[in-house]
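Each in structure tokens, the structures are laid out below.
There are two complexes below, and they share chain A, which is joined by chain B in the first and by chain C in the second.
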Partner chain A sequence: MKTRSINQLVDSTKLAIVVVVACLLVSLIILMVSDQPWVAISSFFFGPFSTIRRIGNILEGAIPLIFTALAVTLIFRAGQFSMISEGSFFIGILGATIVGISLDLPAGLHPIVALLVAGLLGAIAAAIPALLKLKWQVSEVVTSIMLNYIIQFFVIYMINYHFRDPEASSLASLKIATTASLPGIVPGTRIHLGLIIALIFSALTWFFVFRMKAGYEIRLVGDNADFARYVGIRAPLVMVMAQVVAGAIAGIGGGVEFLGMYSRFKWTVSPGYGWTGIAVALLARRNPIMVPFAAIFIAYLNVGSGIMARSSDVGSEIVYIIQGVIMLMIAADALLQGWRQRLVVKSATAMEGI
Partner chain B sequence: MTVLSTIFSFQFVDMWLRVATPLIFTSMGAVVCERSGVVNLGLEGIMLSAALMGVLGSAFSGSLFIGLLSGLAMGLFLSAVFAYFHLVLKANEVLCGTAINTFAGGFTVFMLEIVTGEKGTSASIKSMAFPTVDIPIIQHIPVLGQLLSGHNLLTYFAFIMVGVLWYLLYKTPIGLRIRAVGENEHAIHSVGISVTKVRFLAIMICGVMASLGGMYLSMGYLNMFVRDMVAGRGFISLAANAMGHATPVGTMLSALVFAFFDGLSNILQALKIPSEFVQMLPYAATIVGLVLYSIQRINAVKRHKAKSFA
Partner chain C sequence: MTALRMEHITKVYPNGVVANRDIVFDVAVGEIHALSGENGAGKTTLMKILFGEETATEGKIFIHGEEQYIHTSQDALKLGIGMVHQHFMLVPSLTVTENIILGIEMRKGLSIDYTQSKKLVQEYGEKYHMYLDPDAKVKDLSVGQKQKLEILKVLIRGAKILILDEPTAVLTPQETAELFTELKHLRNEGFTIIFISHKLSEVRELCDHITIIRKGESKGVYALADITDEEISQKMVGRDVELTIARSEGKRGKTLLKVENLSVLEEGGKPRVDNVSFNLHEGEILGIAGVEGNGQSELVDVITGLGNFQHGSVLFQNKPIKYNHVKEIREAGIGHIPEDRMSIGIASNLSITENLLADKTRWKEFFGKNGLLIKQKIRSFSAKMVEDYAILCRDPEVPISSLSGGNIQKVVLARELSSKPQLIVANQPTRGVDVGATEFIRKQLLSMRDAGGAVLLVSSDLRELFGLSDRLLVMYEGKFAACITDLTSIDEQGLGRYMLGLDTQDTEMVMRNAQ
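Up next, the complex of A and B:
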């Protein structure tokens, strides 16, 4: 066996183990806490497939995760650990809200403008921790997390003080113009044009990372920044570029989610897709083409947990417990490393024998 | 004017120390970890889980001590998971920490709902809190008594821990090992000390500190658990540690600076500024603090280089 196929074998096995462990863990927790565990387990695992509408829910739920996971993928590929996808996504929602409410544009153009503004705001947000690191070597991890909180309060402020619907009893913005909404594409579900956009972005990000010079530089910098520097790549600029592009993608994701699923802004806290995007990106092994599949898997768990929470006595927060475990296991580089090592040695000895 | 007069009041000092307590505890944990060469991004989740388990433990046993033990056990468990995955299974520390935080965010609400039937707070169950302490004699001295006496037991303990950890890091063989591992793990490996064991110990000490910080929030600052009540304090503690050069005293001072803005945001709620901006304050202060610290560090390196050339 070639090393490449050994790697693929070991990685897929690891992925399978992670998925199986995640499912077993769900069942185990349910068995421990529930009075009617079989109702809960079957509604968790099979509920999402029981109606067309629920299958639709999985795909709708995957859309925002695809965008944030693509953003996380780019950032991690560049060896950076900015957590800004969360903030970029949320400020992207704000951008789309503002354009949707204040501008009067024809139907085709309106969402495009809204998404461009959303992406721009997302990129600006992501540039802040990136530039602080470039200029003064401030760790991007903590600044990006702090910035997420600041963005959250800023967005709520903008809605509360400038775009609030005075008639609404709780915090909600004015309704956006119908011209700005993304149309549904599958009758009987709420799946919207955003799914197509998300898939296009996955393909584009794949092309960018694996087929373009800038993407190659990002991977090189992420794998070995010193080496990249020796071969004449301006590593710091590449790191910033990766984060800005990622912020734009996350921002557009926020815009897509909003224009596809909502007619007014109703959040009171940042929705958390950026954090979940980390789990998705890791599950997809930082490969943009795999991101939609990983997003669908996580969205499936989300939908399942929601159905379970409604039809049994087990809370939907169980998904975050599983997500945490999935992230831990996938991040564990040394898991199955011994097996990989033995396979490589075996194939090398076999080659020598020839 | 009213804001200024409030700041120079005993009530403000009292509140300042209240919001500083969790930051001091947790940032002390961050110091020990960082000294051993580990950035523990899971502090946030450890605090949150310990905050909940302290409340649940004390509510069910009717004993503050059992509550304390439950919170510590939870914090140590998560720390051990972090340590095992990071040190043994070689998981990246940022990912490991984020995983712990994700887990904790779900786990706490999940547990809270099972026990109380609610997802927001633990208000419906009666849990214990750490008592406030009046220091004999000092409490009757004017000014001094008002400043020093009548704080929560854990607040005093937090300041004591600064001294204890300073002693541990600089005056004991264990502290020497922790610092040595952080400075040069190959050197310490070459003299036959297990780097993994030393780091594991540091992460566990950190877990105790973060658990105390978390429990203070739910059993001192408030008398109940509220979902997501840590609200970034674990990350702010990491920032305090960075600003304090990972020294116990410097980190304590940085934590006090960040706590000042936290306290200030509590006062400013009364003013006519939009509350969203006031709520941003602690987070914005943390970014500004980190940036100022980094600029100063770069300048120090430049000066050092200039000196060595001269």
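Up next, the complex of A and C:
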């Protein structure tokens, strides 16, 4: 067996173990806190598969996570730690809302324009912390987190003062034109065209990172910025570029989520997909191709916990415990090292025989 | 009497590399024993196993005849084994004493007994003729002194068996001679020393026996009196190696690089490079000699765009070189083999292939018109590099960090030389590489020169400077102490005197000859 395939085998086994252990841990916690643990456990694990509609919920839930996780992947690959995916996603929603309400375009074109505007706004948002760092070496971690709040209030202000539906009793925008919506693709669920777009974006991001010069430069800079400088790559510009592209992806994600699932803007706080996107990106080991799988898994846990909260006495917060445990275990590199070593030794000695 | 015996040692790294294969290694008490082999032969690995930093996959270790299980370096130290690593392991901001007692602090109540520690450092220094100022900061020490400090550190921890992994790679001849006196002195005191070096002359001067390993396997133990240099390199490399390279007379062409009144000042205004001028021509190898830290690195940084300068100018093909314009400088045709290859010369988590390509992002044959990687071309290019430079690896897609020290160096060289630069700034190009690769690299530099290119060669290996340079500048405290146009007119000792500032040539003459 080649070392590469050994590594793949060990990695995927490790992932499986992590998932199983996480699930066991959940069961254990439920057993301890619940009066009817079996109801809770079964609704958590099997609930999401009980109806077509619920399976649909998993996939719908995965769509925004795919976009934010792809954005996080790009930013982390460039060695940056901007948390802007959250803000870019939310401002992307605003962009799509405005285009959906104010422009009058034919059905095919309308969502495209809306998504382009969403992506543009997302990119601009992401450029701010990136440029602040480029110019004045301000930590992008801090500025992006602060900017996320500013964006949140800016978006709510815009909706409240410029696009609010005066008829509605709570905060909600006017309805967007039906031409702008993304159509459903699976009858009996709310799965929409956005799923396909998300998958295409995953493939494109993978291609960008591993098959294009710009992606190669991002990885170089992310691994060793001094080295990049020494070979004549303008590392600061590459870092900004990576963040801008990431912002665009997150912004488009916001637009897709909005146009696929809603007909008017109703959020009072930013939905937090940017933060969960970090967990998804890490679970996918910063590999864009793995992102959809990781997103679906996290979405499954979210749906399961929701069902459990409704049908038993255990709260849905338990899902955060699982996410935390999974992250910890993924980070624990020593897990299965011994097994990997034995396989490698066996294959290396077998090759000696030739 | 044997000090140590390693029996049937096999080591397989997690990535599947078999670094040691059934090696038997025997060292007698009170001898200096050389361990030699090509880059990646497995020398460091074998020594790390002895020192408890790696665990052998198979095999036994006997110390003074008794089988021992060494799992950590603490275990090794308890058995009296100490190791000085290939790269320095010191804390620059701490003093000599603080570095030595790190981890074995003597306590006085809750605080560290500094006076007592200082006394200990002084005592040991005197006892072993390695006197160092106990209060000096490590960052102010010369490389030779740092090397002494590393050895003193091991001695104070009670080691009787010393492992020295390429200790001379960074030393000047004077410092090396001094180190050798000390090592011989230690041998007479009954210490056992394992000495790793790629320089046969050093091995011959210092050692009693040599164990040669090749591709992880032992090729035998020899008394140095019974084996010639040619036989040693033959056994290491598996073919005959030319130890001295024939070179033709150079044909000096147009001026390629013109440095005029260049000064580099440090923060406080003290000059690191002090108003120097010189020209470098097509078809010429210009050597720069000097003890490390006399301005060579700053000079190299300016020419390659990595370092700033305050006065003067640098013209390459009549165009000024500007600070930070690395991309333009490389496009103009300047290549750079950096001294500190581990920290700026590689991206350690990327593959060998990706490291080879890093300076070629403008090459259409690899990156296409629309910025797509042309995988096929890239793959065959990196396969060719791995073959030409004999880079030892399982395949070119493994992370570069899994290569041995010398093989990492080869990747850097392969990248820089394959870009066909007009001028290559080579800073210590053969440091840490084996005889075969040294031969190859020197030939490459010479053939670049013969094809009309220019080489600025900064090296602390005097034989290399003598063997390759057409002209030689000696740097001392930021200035040129001498410019030697006829290399037959001077020997290593004489050159050493210029390097230490004991002699200087007439300034007028240096200026004239440097043009």
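The rule we apply is simple: the second predicted complex is superposed on the first by the 319 of 354 C-alpha atoms of A that agree within 3 Å, B and C clash if a C-alpha of one lies under 4 Å from a C-alpha of the other, contacts with A are read in each partner's own complex, and residues count from 1 in each chain.
Convention: a contact is a pair of C-beta atoms (placed from the backbone, for glycine too) under 8 Å apart; a residue touches a chain by one contact, two chains touch by 3 or more.
Fair warning: this is a prediction, and the values are worked out from it, not measured in the lab.
Undergrad: Count the residues of chain A touched by chain B and by chain C, then name the partner with the higher count.
TA: Larger number of chain A residues touched: B.
Undergrad: If we overlay the two complexes on their shared chain A, which of chain B and chain C does A:Asp226 touch? Say first, second, both or neither.
TA: Touch partner of A:Asp226: chain C, not chain B.
Undergrad: Quick one: classify A:Ala214 as touching chain B (first), chain C (second), both or neither.
TA: In the superposed model, A:Ala214 contacts chain C only, not chain B.
Undergrad: Once the shared chain is lined up, is A:Arg234 touching chain B (first), chain C (second), both, or neither of them?
TA: A:Arg234 sits against chain C, while chain B stays out of touch.
Undergrad: Check whether A:Gly324 is in contact with chain B, with chain C, with both or with neither, and answer first, second, both or neither.
TA: So A:Gly324 only meets chain B here.
Undergrad: Same chain A residues contacting chain B and chain C, which ones?
TA: 337
Undergrad: Applying the document's contact rule, which stretches of chain A touch chain B when the two form their complex?
TA: 33, 81, 83, 132, 136-139, 141-143, 145-147, 149-150, 153-154, 156-157, 160-161, 275, 278-279, 282, 315, 317-321, 323-325, 327-328, 331-335, 337
Undergrad: Going by the contact rule set out above, which residues of chain B touch chain A in the complex?
TA: 39, 41, 81, 85, 88-92, 94-96, 98-107, 109-110, 113-114, 119, 231-232, 235-236, 238-239, 242, 274, 276-277, 279-280, 283-284, 286-287, 290-291, 294-295, 297-298
Undergrad: Under the stated contact criterion, what part of chain A meets chain C in this complex?
TA: Per the touch definition, chain A meets chain C at residues 3-4, 6, 210-214, 216-217, 219-220, 223-224, 226-234, 337, 340-341, 344-345, 347-349, 352.
Undergrad: Which residues of chain C touch chain A once you look at their complex with the stated criterion?
TA: 12-18, 21, 57, 304, 306, 326-331, 336, 338, 343-350, 354, 357-359, 361, 367, 371-373, 375, 394, 397-398
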